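Each of the two complexes below includes chain A, the first together with chain B, the second together with chain C.
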Partner chain A sequence: MTAFLKLLFRNQLAALGAVVLGIIIVAVLLTPVLPLQDPNVTATADRFLKPLAEGHLLGTDHLGRDMLSRLLHGTLLSLGVGVAAALLAALIGSAIGIVAGYVGGRTDNFVMRGVDMLMAFPYILLALAIVAALGPGLMNALIAVAAVNIPFFARNIRGVTVSLAGREFIDAARLSGMSHTRIVLTELLPNVLPVIIIAMSTTIGWMILETAGLSFLGLGSQPPQADLGSMLGEARSALITYPHVSVIPGVMIFLIVMSVNLLGDGLRDALDPRLRSGALSRPRATTLVDRQGEVPEATDDLLAIQELQTQFHVGPRIYRAVGGVSLAVKPGECLGLIGESGSGKSVTALSVMGLVSSPPGVITGGAVRFQGKDLIGARYEALRRMRGDRVAYIFQDPLSTLHPLYRVGDQLAEAIRSHHKVGKDEARKRAVQLFNDVRIPNAQNRIDNYPHEMSGGMRQRVGIAMALANDPDVIIADEPTTALDVTVQAQILSLLNDLRRDRGLAIVFITHDFGVVAQLCDRIAVMYAGRIVEEGPTNAVLERPAHPYTKRLIACVPELGGGRRELAAIRGLPPVVDDLPPGCAFAPRCDKAQPDCKKGEIPLDGAGTRAVRCLYPEADLTRDEEATA
Partner chain B sequence: MTALKVENLAKTFQLKKPLFRATPPGVRAVRPMSFDVAAGETLGVVGESGCGKSTLARMLVGLLEPSAGRIEIAGRALDNADPEEFGKLIQYVFQDPTSSLNPRKTIRQIIEAPLKRLYKMPKEKREARISEIFDSVNLREEFLDRYPHEFSGGQAQRIGIARALAANPEIIILDEPVSALDVSVQAQVLNLMEVLKAEFGLTYLFITHDLAVVEAVSDRILVLYFGAVVEVGRADSIFANPRHPYTKLLADSAPVVGRPLTAPEQKGSELPDPLNPPTGCAFAGRCPRATDLCRKTDPVLEKMGDDQFAACHHPL
Partner chain C sequence: MGGYIVKRLISAIPVLFGITVIVFLIMSLIPGDPATAILGSYATPENVAKLNRDLGLDRSLAERYFIWLFNMVQGDFGRSYSLNRPVIDEVLERFNATLILAGTSFVICSVLGILAGVVSAARQYGWADKAITFTVLIGISVPSFFLGMMMILLFAVNLRWLPVSGMYAIYGGGDLWDLLRHLVMPALALSAVATGVIARLARSAMLEVLRQDYIRTARAKGVPERRVIMGHALRAAMVSIIPVLGIQAGFVLSGSVYIEIVFQWPGAGRMLVEAILTRDLLLVQGGVVFIAACYVFFNILVDVAQSLLDPRIKT
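For the complex of A and B:
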């Protein structure tokens, strides 16, 4: 709760709104006990006294009634009606929304079309019609304002409920024997409640305004009862000659609505999980660089990642996602980067082209060299020219990387045209050629498909075609087959393999699957907790793993043809990278761990092509190297 | 003894009627299929996306009403699609462990629900039962008052298993229970399920797309393609000696260390369109052995060898 308040008040405008609204509410709540004059006692002799007149701090109105007293009583009434209308609208609207969203089908259709019809009327006309039918009066104005706002809540809440009702925990609740009513009340409602509160906080000011509007027209509170709208209405005739009579309630309405809206926006920002996590704040075009220490010397590799360190700064915490990783690829080579979720393999890959989103990502050390040129800290223009042109990416889920509203061919052409000055027809011809290269049948027609019209395998082929569009030197493929079925995976892998042989592509292939790596990659590097723990030629590492983690991870993966058996498991969980233990990060889960594993820096040591970061490796690398030599 | 018996179970999703045309034929997500699972057995169900695995599972637990056919659990016929009735006999472990737990409830409230609603158990008995279950899934009791977001995927999945166990079912359907987990954690959960099976005398229906995993945990395997069973056989032999070309394609596609990379299927073939299903065998379009017979008549499941059945006109 305190964290929530802190978050809320970090927004200064929201804090201002809270303060103003707080003062108004306190003043209004104290009204009955304050020594004020009766708001309804007329004294025609004292009419239209100016503010600061004797006995009347804010003057008097056209009937000589004390303005201060009427203002406070009127505010109390207006606020009360506004809040009550908001509660009523939220209650009924949310109930309609939840039921329609949960039941779905015909009920949903019927109810929501009714709500749509209600929304089709201009709101003030609808409110007038309701008041006309019920007769003027504050209570009827309240009902009218509530009724006018029901559709807003109903539609909002229905949308949220529909997405929640499809979630697995609702199915689980049904299997636990819960009745529908209970599911709505105990499973759905608590999850919808924040949305209701957000919707309420943003509409309450609007409702106060609407009530005032009805009262202004004489349809709300009836004389002599004061509310802000009716005070304005009565002062209308003396607007020019005695402006204070209308300005005072006007300013009060302004203050209330303004402060409620500011506070409401603040509440929404603090409650909405997407806003809270900063997802809607726009990331920078390249990852922030704040390099400490020396920049490593250039090498003659095509792409070399050198001592790369990438961190995420979230509040006071620092997550060392990549803690000093060095990798290199040559033309035509395929390097496999293996690791579990959270091991830093994707962040390593994204750091190459400065694609880690900042905030919160920061590159704090090392270098990434493409043909010897350092890319870390390069200007955005320089990076942009290389992205997709020299170094291209293939991502896991092609459905989320392709734009749903553009034809795939146009997206492909765009990728070409953003790097090369070619005409539309030429780009289209190249796109068809690329579709043929990645073996999409019937390329000429397929090019005009939208992403949703293609199967997962076909979409991933488009993703690969897009990566190939500018004939890059390096492709970084981040779990490109994880979302695909096995038969499709096999096709995509063999396609990538052919492409690399035909075009001399260097591929960095990120995966968690040893089977895939074994078939495609020449060399592999195994990552754990942001560092490389072992690297070497694929067959050597898979046959004689040197790091205990590699060895046990290989054992965890069941292999086809092994028959029914108990699987090896690694106890415990991978560490969180904001608080890594000293020494080997795997030591707490390792059977062979000795006291000296848990202190000091353990170097990535090796002989020849192999290297391992372990004090007590499972295999002797020097002997291994001699044997192959 | 048979724990689960399914006869001609089918599900067709009706499409919306267009304003001026006749109602199109529905999508046949599950075509009539029959199989049974013996008590204490683990039946693996394999297939690619869109083959009807999840629709089948949802019908079996009563979350979806079948269009035709019957389900018999422990000798009792259940055809009313009432999860409350099904819940005591058959439970479900979901694929995504975190999305299957209500984020606004404590773990205790989640695990308690089946005891309270299905068995109307009083408070003290519930407490005792919960600690017993928590003990068997290797979770500490102090977790009970925490919220789902505080747990890792592996822990959350064990909570999901604990909830299924709480209902004291005969059968548990495991729908891709480890595909959202890391490999090092995956094995922990699979081994735990094996232990629980022996401890509580459970029967499993294990749905997955991962051939190696399903082979490691199952007694028998059912291969689905386009909503129909194409092959059933013993787990230790079905992938080594497949009779249906699709099963062979699956087995050849699985990445295996030491096998050179070749695409088992060169043409970029796609699954048949469910809105416009082909006549005859659904696999014919991708099958190297397909003949005119395959394109005309849909093959039925026939016995081929001991305990192996395949639906193919030209078996391997």
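For the complex of A and C:
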């Protein structure tokens, strides 16, 4: 919602810019018909009249000329020169860019080198050099300002043209025997035009400002003709005694440039869809909490997720990513959390330490208890002290989850130093030790690598070492092996398994891969559309799945040496969680669905260690329980 | 690293060469005969011919270019006819003053701009963000010369806090304190636009970076938020901020022209404007080449800074 308001705010600013600019333009266009005095008629008796003087709404200048009339004529001149310079720069710059981009090869190389040279100059300096050569004058100032903006257009338009010139429709036009001129004019130009217009909208404010600047220096318009810049320049000598003569043209330049900038920003925002969706809001340090309803009682588990509800609030829509999930782990236990992408398993995991991106994430209910203490809504500092120290995370893609600009050893040392007062050398020693623990060969040297200098498997070991740095009680591993190839995957899994045995770690292991679960986990929970649909001991669930969804999911796993078993994909897609139907969320995709599956809440029911959220389970859990008993 | 610097220095040679060519070509655009322009329309043909010979204007364009370049490489930028002293002496003296002004402004706009951008991003949609966004909008729309004039009115004339103009007080000044008092307003006025541009860019770069997975990793391992923002996020954002610092340095350097005029600062920008108005073309030519060359070297520094920051750049 805030993102939406922000965007509206922006659009309002753009509208404000349009209104201000519109008023200025109308006033300027009406100048010839308005009953104004001649801007160049001097009246030395009436020098420096204050604004609101009789007959002179804005007063008079040092020669007694009417300020209002001069202001409007000056504005007309400034706008006209600025727009002309922008058009000239756009025309020549775009022509150069299109030709260079379309012809390519040596021409392109040569032209772009020249453009680079021009861009090596500080902008205004080049304009000064041109004016110096051509001599002061408004026309020459216009040429100079246009000239220094040509490289900007040439470079931008060339970039777009190069990407277009390689596209199929240009090839097609060429094959159909069209001449180069025709291809450029009828095929390329229409596609490049929007870019030219955007480039103009972002530079026209500058060009108005720069021509005014040159006039201010006395290098632009020459007396008696005056644009806003030379009005300001002439008024400068009387700045202290008669400030209004300076303020009036100065404010006008400011208004013009600001309204043009506002319009340009609005245009760019409107054309950048990323901004429109509000995706550019940064996540806070902890997930927002807006908890409604009862907080569940404490249990004696090490980590207990209780009736957790996490939602994403995007504009008017509410996505219930996690809709009342309860999970628990004991020391030394490994719990597998399994489900398709989008089932809410990662969001569940990130909610534990308040790491769900907010906005748009909001935790709206339930509790997360570590050793009985509720973490939802805990103060930031309390949460930070637990993060990485008691509960640590391993993330999926180690390339994007490690900081690209820090050495891996430093990132590891930082994890330690964030929780323990240890010196740099000591932290480094521990980092080497951790690298050895996760079996990174040549740890002493590897520690000084940057992430991009390591292989995917090694990077994930760094991620694991980082999670182990403070000897945590719980590790939450969010698909830690998904990005790795199979052999590396097996190594990482056995490493995690060893660590669990040696250190008594509790692991919450998130994956969509039953093979991985079978290797590592004691128990599994299956998630679908933000809820747990089945849970139980790993072997029991894998051998006798009770929920139709679990059964179908297991059937999707290809087995090595399993013969020509048919791989049964589940038809349809998981539901979008902003508008879930009542009853079982899987019912629309389920073969066994009955009418009553789509009515009312279905509880997570079971016997002993197993539970399923289904009215017609595939296996009778009570019998299962008797068999094990 | 040393190798990278040498490589960048070598790659600057064609750019410097190109700059001299461009300046020379622009200067040869001068309509009419420079000797007549210098001597005025009452000059005798003999005098014009003699001056042409003295200035080397009777030779071909290419010849003239190489003579000019050759002299320049040896430190001879010619002689300013209006000041009657070597161009290089004047340029060095005036550029010194510009460097003090532009350098201070560059430090101000970098520090303030980045700080404003970081605060704005970290407090996105909060009152600080809105206040900064609004100020930045004003800042980038006000012409620096107008801003300078308004500052003079407010701080020098009305409040009498600071001197109106100049670099040192005429009587009894000359120490560092005196210089700083004179520097405050022009440096702030010159840095306003650049501060705004940098703040805007820093804000969006920070927002972009704060959404990255490695920021979540930093938070997940319990790094304090202040360090997440000022360390992890800012460091990554600097990769896109530094090139813009380089561009803004160019704006500050050349924008000092206006500020030097408004505040009567005895810098190279004001020298150029005066030289243009007196048609002292050798001074313009020498000044432009010198300032542009300094900017090229500054950009090498920017590239080196970038490579120090980002290990992924092959050095």
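Please note the rule applied: the second predicted complex is superposed on the first by the 396 of 629 C-alpha atoms of A that agree within 3 Å, B and C clash if a C-alpha of one lies under 4 Å from a C-alpha of the other, contacts with A are read in each partner's own complex, and residues count from 1 in each chain.
In the analysis below, a residue touches a chain if its C-beta (ideal position, glycine included) is under 8 Å from a C-beta of that chain, and two chains touch if they have at least 3 such contacts.
As the structure is a prediction and not an experimental result, all values here were calculated from the model.
Participant: So, A:Leu21: does it touch chain B (first), chain C (second), both, or neither?
Facilitator: neither
Participant: Taking the superposition on A as described, I'd like to know which of chain B and chain C A:Cys590 touches: first, second, both or neither.
Facilitator: In the superposition, A:Cys590 touches no partner, neither chain B nor chain C.
Participant: Just chain B (first), just chain C (second), both, or neither: which does A:Asp397 touch?
Facilitator: second
Participant: Looking at A:Ile130 after the superposition, I want to know if it touches chain B, chain C, both of them or none. Which is it: first, second, both, neither?
Facilitator: Second partner only.
Participant: In the complex formed with chain C, which residues of chain A make contact?
Facilitator: 2, 6, 13, 113-114, 116-118, 120-126, 128-136, 205, 209, 212-213, 216-219, 232, 236, 239-240, 243, 246-247, 250, 253-254, 257-258, 261-262, 280-283, 285, 350, 353, 355, 357, 380, 384-389, 392-393, 395, 397, 400-406, 414-415, 418-419, 450, 452, 463, 466-467, 469
Participant: With touch defined as at the start, can you tell me which chain B residues reach chain A in the complex?
Facilitator: Its residues touching chain A are 48-49, 58, 61-63, 83-84, 86-87, 91-92, 94-96, 99-105, 110, 113-114, 117-118, 152, 154, 160, 163, 167, 182-188, 190-191, 194, 209, 211-213, 215-219, 235-236, 239-240, 249-265, 267-268, 270-271.
Participant: Considering only the defined contacts, which chain A positions touch chain B in the complex?
Facilitator: Chain A residues touching chain B: 167-169, 171-179, 182, 186-187, 190-191, 340-341, 439-441, 455-458, 461, 485-491, 493-495, 497, 512-516, 518-520, 542, 552-553, 556-571, 573-574.
Participant: Of all residues in chain C, which touch chain A in the complex?
Facilitator: Answer in residue numbers: 15, 18-19, 21-23, 26-31, 121-122, 124-125, 137-138, 140-143, 145-146, 149-150, 152-153, 157, 164, 204, 206-208, 210-225, 227-228, 232, 235-236, 239, 250-251, 253-255, 257-258, 261-262, 272-273, 275-277, 279, 281, 284-285, 288, 291-292, 295-296, 299, 309-312.
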